[in-house]
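What follows is one structure encoded as structure tokens, with my remarks underneath.
Lettered A, B, C and D in written order, each chain numbered from 1.
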């Protein structure tokens, strides 16, 4: 079962053509990653950043914008971990609403030590949770 | 009883100093105005903009940033209409969380005809609802 | 002579009504404050933040949105320091373009120690430069 | 010769870790596409959108974030058209600064009729200019 969260298209997301301006999708995506960390991995961003000194920057992104989203649309974001490396993790992400896919993405995150600004191995309990998520998806 | 909505401080709202970058508060504020229109005035932004051709731009803003907000903070936004004119409306807004006020604002919105881009009188049913909100507040 | 900088209205600043979404003005304003710090006060934000551990958060803001701005508009932002306190500074800001004022604002900044997150007196050489700016304006 | 434009990393682009928050790169990228349209294709966004009723939404994006960018960094953005279809165009984009690549992207834009919200063939003079850009690159 992939992780699922929802968001609503707000006025601040919309461009002059009346559809979501694509950089705003990445703000929504980043918030979905926050929800996934807090709810699926048991590690909210505040704890990760402020107490553990860990960040999870995005290092790779493949996105296909399948259909546009408009003001007020309720979007479901599903997030499925696909692969885990020593300090990286690949997620498959789908935004959809009204039974229409809006975008599909593959995202690679890296576990980063905020002090050295270098990749660092996933802490064991986070790795275990991501691996559970991958196992579910198969 | 003022209108109340909640929001969470997200990574995308935070600056290099670890606190909410103030332009992001206005994105949150604009979303709160959307919620107020939909829930208190019975007019969601999609209907207002796309079907009625009405926008509600902000024409005046007085803000005091009382205390900072951090990643993960849950904020309550209260919105109290204070005065209504022919085509304007003044709102008093407070952001708070953990019993600490984060910001106080007075906001003047204007009812704008999106085609002429000029102020236009509030539609009667919207005016009635705003006036109810003002009456409650007294 | 007030400090002056310019910016262009970009697609990312525009809302569904075809005009600048007001939170974007504050991103432009913040960049203008960066330019003022670097060019008029001799302290770029990188040095201030990373080497001196000083931030200049906005604590008060009065804004009047006088007329709308559209895609492609070239805007001039003038920034005039008006008053300086022990650790605060009031600026008068005007955005204009095509001989039309777009917005007028009074902004109060505070000199903040990034480690303690408390107001701290302006460093002497910064105070001197701000005072020169105030003297010019009279 | 690819098209080249520059931008500076601003405080509004930076996240809590002190580096550019990746959705902000896409705001910069979109502004670079505006510059390319205006300067290389002879069609500024205002004319395209308001007078010709044409938009150029992004439909596909592959990005690799190679190295982080910090507050104050001056970035050069190069934009090289690679392929043109009936109503699409592929661009190769590189952000660099201080002789260090920050990100590499392949971007597919589509020429969209803003009224029908459907893909429409490139106007001939725009197609001709894009093809010149492709020819240069070979």
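Assume contacts are C-beta pairs under 8 Å (C-beta built on N, C-alpha and C of every residue); 3 or more make two chains touch, one makes a residue touch a chain.
Labels paired with UniProt names: A, B, C, D = 4-hydroxybenzoyl-CoA thioesterase.
Since the structure is predicted, the reported quantities are computational estimates derived from the model, not experimental observations.
Undergrad: Going only through chains that touch each other, how many steps at minimum separate chain A from chain C?
TA: Step count on the best path from chain A to chain C: 1.
Undergrad: Which pair, C-D or B-D, has more C-beta contacts?
TA: C-D is joined by more C-beta pairs in contact.
Undergrad: How big is the gap, in whole Å, between where the Cα atoms of chain A centre and where those of chain D centre?
TA: 24
Undergrad: With centres defined as the mean C-alpha position, give me the chain C-chain D separation in Å.
TA: Taking the mean C-alpha position of each chain, the two centres sit 28 Å apart.
Undergrad: Could you work out how far the Cα centre of chain B sits from that of chain D, in whole Å?
TA: 34
Undergrad: Counting only residues that touch at least two other chains, what does the list for chain D look like?
TA: 11-12, 16, 18, 21, 23, 27, 30, 49, 71, in rising order.
Undergrad: Line, ring, star, complete or other: which describes how these chains touch one another?
TA: Topology of touching chains reads as complete, every chain touching all others.
Undergrad: In the complex, go through chain A and note every residue touching chain D.
TA: 16-17, 19, 21-24, 26-27, 30, 49, 55, 57-65, 68, 112, 114, 117
Undergrad: Going by the contact rule set out above, which residues of chain D touch chain B in the complex?
TA: Contact set of chain D toward chain B: 11-12, 14-16, 18, 21, 23, 71.
Undergrad: For chain A, which residues count as touching chain B in their complex?
TA: Touching chain B: residues 10-12, 18, 27, 30-31, 34, 44-46, 49-50, 70-72 of chain A.
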